[in-house]
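Some structures to go through are shown next.
The same chain A turns up in both complexes below, where it pairs with chain B and then with chain C.
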Partner chain A sequence: MSIRFEKVDYEYSPNTPFAFQALKEIDLELSLGKITAIIGATGSGKTTMVQHLNALLLPTAGKVTVQDFEIEANKRFTQVKALRQKVGLVFQFAEYQLFEETLIKDVAFGPKNFGVAEHEAEEIAKSCLRTVGIDELDYEKSPLELSGGQKRRVAIAGILAMSPEILVLDEPTAGLDPQGAKQMMDLFKKLNSEKKITILIVTHNMEHVLDYCDEVVVLDHGKVLMQTDINTFFENDEYMEKANINPPSIIRLKNLLKKNGISISKDVVTIDGMVKELTKRLKK
Partner chain B sequence: MNAIEVKNLNYSYDRENWAVKDISFVVEEGSYTTIIGHNGSGKSTIAKLLLGLLEKNSGSILVEGLELTTENLHEIRNKIGIVFQNPDNQFIGSTVRDDIAFGLENHCFPQDEMDEIIETYAQKVGMFDYLDNEPTKLSGGQKQRVAIASVLAMKHNILVFDEATSMLDPTGKKEINQLINELHKDKKLTVISITHDIEEVAQSDNVIVVDKGRIALTGTPLEVFKKEEALIKMQLDIPFVYKFRKALSQNGMKIAETLSMERMVEEICQFVSKK
Partner chain C sequence: MKNVTLGQYIPLDSFFHRLDPRSKICAMMALLIAVFIPTGWWGYLIIGTIVIFCVLVSKLQLDFIFKAMKPMLTMLLFLGIINILVIKTGDLWLSFGPINIYSDAVIQTLYIIVRLMMMIMITTLLTATTKPMDMTLGIEDLLLPLEKLKVPTHDIAMMISLALRFIPTLIEEADRILKAQASRGVDLENGSLKEKISAVLSLIVPMFVSCFQRADDLADAMEARGYVVGAQRVRYKTLKFKFGDYVVIIVANILLGLMIYIAVRMSK
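Our next item is the complex of A and B:
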């Protein structure tokens, strides 16, 4: 079971003067159960690609397979509802999509829509709000009364309420303060390890990629530039150069030390690990 | 002279909770000040009060010695300009040129002078080649550069950046941070930047930390980062170099205080044998 893209093209506004091909022959296989980062410059096709996973966009050529679901170009896709229960998609600036009068109603909306009884939907909503760390006293509040970071958590709870097996997050930490961003990433890690949810994160934050993800997919001008595990990616300068990214601070420090004649073991990528190695080599 | 002097400033959106509570600070002319604080701490409210976009409940704001009142708002806004967070929310013109011209037209500049000013500032922010482009088709970083040019064209002495880079990708962020640094280099422009980017904070002269509408800490970046525990309690971060240096010192490697990675590596080299 996996997620597969086979020769997938996507063109916005085809056959018009505004036609723009955002994805070009994407071939990709992602195994389930991991946290995968999707990175690449603005306009490289990250958002377009992930919106295929719950059939929000349909390929203009090629085929997307998500577990048993097959979404093919030029073919009617009839299982949208079932697919969207499996794949939860959280948009960029998700806080803008809250609309209900209270938090609990907002989160319960999804399950209710999928046919869960009202009372049960509210129980689900409560448990999801708890998971994302919203205080019980706030459940009956209007979303408008919350801060940006809290609103985003509620939006994520709304997606979790549909108990997706695959969670796709489009820049979930953009604009959050550093601690808020860290708590958010910790939450995804927890969902992955405890509930075995497959997680795909579109992000520009390389510190998060290094600290939380298992695998990385780099997009460039609508194509897959590379797909590799995190360690290989951050061990190879030429990979990072090719992907045109700012390496995380710890990798930059490692490289700078190396330039100055101090090499640190390949697999050491934490502050503690590096400090330990350095202190072992103190001049007597 | 002080560019800005804020005394006992108070502001409440709902007349119940203070968004800004008894805040006082001074920004020296030609300095680069960053204001940090977690989401909802009151940072942006301060920026809006400085520009007179919100009207204070009490206290005073002096801009270049002149007290901000509803009567002299116009005069104050000739001294101080602002660049907002969302690059898409601040365009008026249908081309980059028109957009930079907007503020100048409002101030009745003669056409020939205007062209010269527009071109000078477009050049300064590296957007000269895009003058006839449509703003909507630019990247986020380019849009923010145009917004900065529009504000610079008004020749304000003080510029406020309200999370001007938080919606940009890393390339855009870097571009804008470099531009801010460059603009500030000759110390003629006073920069006040509201930011979450801890690496930007490290490059500023002074930091103001805001928490729950009050000023929690002020000082140089090094002074402020020393209060590590307080910062973390306020949900803020400290720069990587500072964290690393601390971990080294806890393990018996005491190196000089710095926020520069290059400088830290030089220090480490003196302690560690190469291999």
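Our next item is the complex of A and C:
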């Protein structure tokens, strides 16, 4: 069981002057149960790629497999609803999709669409709102009264309420304050380790990739540039250079030290840990 | 959603793209009037050939133009049915039981279809080859004489250009919200009436919210850059007629004259 892309092409507005090939022969296999980061420059096709996972976009060539669902180019895909319940997709700027009068109703909207009874859906909604850290006093408020960051959390709760097995997040922390972003990332980590939810996360934040993810996929101009595990990725300067990213400062320091003959174990990923490790060595 | 092509600017480089918006608007007006002059098939053949020639010169693909016509299809169908049921003159061509189809009905319908098709081609030719910003300048200049009558010409032009400018943005937005709600299980095709209403609401409410937000942001951004409603403005870009512009206007008006001539001759 896995998520697989086989020679997937995607072209926007084919056969028009605006035709644009956003994905080119994507070949990829992601194992379930992990947290995978999808990174790449703006416009590299990350959003386009993840929208294939719940059949919002259908490949113009190739095949996408998600567990037992097969989405093939030029073939009608009939199990849309079942797939969308399994794969929850949180959009970039998800805050714009809120529409109900109250937060509870908005979060309950998803489960109700999938046939959960009204009362039960509201119970689920409450627990999901609690999970994403929305204050109980706000449950009956209108989404319009919330700040951007709070709206984002409500939107995430709206997807969690459908209890997906695969959670796809398109830049879920963009625009959140650092503390709030960390809380969200901690939440995703928890969902992954406790409920065994597979998580795919599109992000520009390398610290998050380093701290929370198991694997990384780098996209570049609609192609897969590389796919490796986090440790290999951050240990090799060439990889990061090829992916054209700025490594987190701790990684830069570590790799610089390594070049000068001081190798630090890969368990050290925080500044505090680094300070401790270095003082220990200096004392020796 | 992405198939809405009506009113969209297509960035290409052609003779028509380089023309002055004013001459294009004037020529379009002349042609539109010409299309509605009852000249019979000869007149339409002449205009039709010229319009199709223009489309080819503009480098727009013909199927792009046909797509722009698609939304009209149902209307045309409806018109055709009404015509066939109502018009009872000319030769009887076909009859199925109570329904009799007369030659005039068919010819009338064909006339309307041809006229509408040409109308759409002509307007698409204008909107697809003119940047919204240039269009505003053009409209504003052409409305200038009305300024004397205290008509707020600049405001009108600005409103038109903003509306044109935001069509693609709103389509994109609608597409995004549609997708976001689809991933929450919204299904616009199946389900009971109540479910359908809730599905439509889930699209419309966020659309309205984001439209108002956008309008607000836009107003702030314009004010921050010194835009004052009703103030005298100078222009960064000034329009200038070139040789081609005179040619286009003259040709369009000759064509209009020709149509009038044909119509007058025919009515004698």
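The definition used in the following text is that the second predicted complex is superposed on the first by the 269 of 284 C-alpha atoms of A that agree within 3 Å, B and C clash if a C-alpha of one lies under 4 Å from a C-alpha of the other, contacts with A are read in each partner's own complex, and residues count from 1 in each chain.
Everything below uses one rule, namely that a contact is a pair of C-beta atoms (placed from the backbone, for glycine too) under 8 Å apart; a residue touches a chain by one contact, two chains touch by 3 or more.
Everything numeric here is computed off the predicted structure, so don't read it as measured data.
Student: Figure out whether A:68 sits in contact with chain B (first) or chain C (second), or with both, or with neither.
Tutor: After superposing on A, A:68 lies clear of both chain B and chain C.
Student: Under the stated touch criterion, name the partner, chain B or chain C, that contacts more residues in chain A.
Tutor: B
Student: In the superposed arrangement, does A:51 touch chain B (first), chain C (second), both or neither?
Tutor: Second partner only.
Student: Would you sort A:253 into first (chain B), second (chain C), both or neither based on which partner it touches?
Tutor: The answer is first: A:253 touches chain B but not chain C.
Student: Looking at A:271 after the superposition, I want to know if it touches chain B, chain C, both of them or none. Which is it: first, second, both, neither?
Tutor: first
Student: Kindly classify A:179 by the partners it touches after superposition: chain B alone (first), chain C alone (second), both, or neither?
Tutor: first
Student: Touching A:245, do we find chain B (first), chain C (second), both, or neither?
Tutor: Once the two structures are laid over each other on A, A:245 reaches chain B alone.
Student: I'd like to know which partner A:27 touches here: chain B for first, chain C for second, both or neither.
Tutor: neither
Student: By the touch definition above, which chain A residues appear in both interfaces, chain B in one complex and chain C in the other?
Tutor: none
Student: If we count contacts the way the header does, which residues on chain A are in touch with chain C in the complex?
Tutor: 12-13, 15-17, 51, 54, 56, 81, 84-85, 87-89, 91, 94, 96-99, 109-110, 113-114, 144, 158-159, 162
Student: Once bound in the complex, which stretches of chain B touch chain A?
Tutor: Chain B reaches chain A through residues 37-40, 85, 139-140, 163, 166-167, 169-172, 174, 196, 198, 232, 235-237, 240-241, 243-244, 247-248, 251-253, 261-262, 264-266, 268-269, 271-275.
Student: Could you pull out which chain A residues touch chain B in their complex?
Tutor: 41-43, 147-149, 174-180, 204, 206, 244-246, 249-250, 252-253, 256-257, 260-263, 271-272, 274-276, 278-279, 281-283
Student: Looking at the complex, which residues from chain C come into contact with chain A?
Tutor: Interface residues on chain C, with respect to chain A: 2, 5, 10-12, 60-61, 63-64, 173, 176-177, 179-187, 201-202, 205-206, 209-210.
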